[in-house]
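Per-chain residue numbering starts at 1, and chain names A, B, C, D and E are given in the order in which the chains are listed.
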């Protein structure tokens, strides 16, 4: 059985991991390993540990960076770390971030939950292999928002 | 036979990989391996896997980052990752990105397809060796746009 | 007994390490190793040495970057280094930075001390394992400031 | 005989490599290995290959980034990669970039050629050892432009 | 006897290395190894070579980045490289940079010399061990400028 790591933060204001786990489990039989850290900058090491110590085949890294310039820099540093984790291990880590200023506060919770669910589907597809998403290549898919569709 | 990896995204709104593969195959006999991921930040690990697991001799990484500041940061992170892949493996990964605000929407599709084709030619040249492009060194070539030519 | 590294700077204007050590010791029995460097850019190597030479199980990296653009860049470089340390070693390094322009000068000392204490609690929790903070996942916790709470 | 790698791009609008090679050869007997890539982001892997496969003792990486914000980011990514190459191999890679907006178009060609020549001299000096440039330390040397001289 | 590496540039307009070496030698008996490179982006590889080939126990990396946006980016790239050197080797590299726009031109030389001397003292302290600077932790020390002192 494939093992999916789910790393999240206490900083986030929505339980994105709960939504991701629900969705993953609705899509098939997977082992799930959780790891919660304070903020997004702590996610890269959590992902490494989920991969190297918990033998996860793929990790979802969920976070909600704040709206300030400093928060944006934190998110950038976290993203660079998450890419490094993948290059070190060869394992996919799907970054699922929702920025607090991406939507009005009353739409933020639903956006975060939907993005987590949409990326859970990506996770399951990627575990099937590098060609499983090829039929959707270049089609303008968007996670958490309606798809944009292909350009004509 | 040389093996070319083609990594692309479901986020892109144009099937750049299709154009790249057509062009590559028109230029010679090559094995092609596809790998599709959600967005540009997932490309680096796809490239690593195409190189290490699929034994590709060169990879084209195709993507269409969005027009927002956050999209620009994503593209920057992806680019840094793509360079790291190359330093880790010693294999060329040609980044073929088209930014959604690089051209008006009605010209974007053709720009993306042309850039993919132009870089397919670069890919084939680079597989011949480090000197194959030397006759064009310093001549102001541009992929997807008309060449600028050398300064006098 | 778990060993916690505490790295700090002579540049900072508050003894954050003192507060962190007091809090850690009030929460249980831990070995503490100190390492003081000039500025935040020297913290990454101090963290590596605390982990590799002093066998620390977790490190807290405390600093107070100045308010100028150059200081912000320094902090960014330090943060990237701190993430790299964690990816190299698999050990958590909690970055506890307070930016000099984050609060009026008369509130800065208390903010720094409180953030150090709050992250000391995070440190102790993380040493229990990746699930110890999961009950607080997505609840909008803030270190040094009142928690924001979950979005409804 | 020392071997100098010369990596350049088809994107550049001036044959900087030609000027660099001429200058190097006027300064002594050196083996020269050329490697031409499409753009500056392809230079890091070319440098790695010149060092690891072509046994170069030093590499010059020549490029002309464009004037747009995106070009600036490309150059930044290339520069970071070039530094990483050096840390991985312990071999000097002299970055010789001329930004298209550094000078009016009619002065750009001469600036690029002069900078290439000036760095060719640096290359030859560095191959003599870490002290060969020490007599010029702190003297405000500028490549491609007149030296600024030391501050009094 | 401890060995201190001193890396500097021909781009700088002040002989900071001279001041650093004088100060280091006034503070005790140390072996000193010099390495001069063209600009700050060449410092990281010089530092690696001082550590790996010259067996330095600590390195000072001295430079004077120019005042333009491009210079600032160069300095940022150099700083990231200097941190990477330290993570690779576990050896301290003290970055001693003075930005040309940090002070009026007639104060710049003295600022650069004083900063070099102040960091020479840090270097000597760090060679004593990670606790040698702990008595000054959180006291607002500044190199090249008067100390700020602790916040009350």
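In this text, a residue touches a chain if its C-beta (ideal position, glycine included) is under 8 Å from a C-beta of that chain, and two chains touch if they have at least 3 such contacts.
Values in this document were obtained by computation on a predicted structure and should not be read as measured data.
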**Item:** Shared chain contacts [chain B and chain E, defined touch]
**Value:** D
**Message:** Fitting on CA atoms only, what is the rotation between the copies chain A and chain E? Please report it in degrees, nearest 5.
**Reply:** 145
**Prompt:** Just curious, how far off is chain C from chain B if you go by their C-alpha centres, in Å?
**Reply:** 40
**Request:** Compute the distance, rounded to whole Å, between the mean C-alpha positions of chain C and chain E.
**Result:** 25
**Message:** Multi-chain contacts only, two chains or more: what residues does chain A have there?
**Reply:** 80, 84
**Request:** With chain A as the start and chain B right after it, run through the chains round the ring.
**Result:** A, B, D, E, C
**Message:** Please output the residues of chain E touching chain D within their complex, sorted ascending.
**Reply:** 8-18, 33-38, 41-42, 44-46, 48-50, 52-53, 70, 73-74, 77-78, 80-81, 84-85, 88, 105, 108-109, 112
**Fill in**
Listed in rising order, the residues of chain D that touch chain E in the complex are 72, 76, 79-80, 82-84, 86-87, 90-95, 99, 102, 119, 122, 126, 130-134, 136-143, 148-152
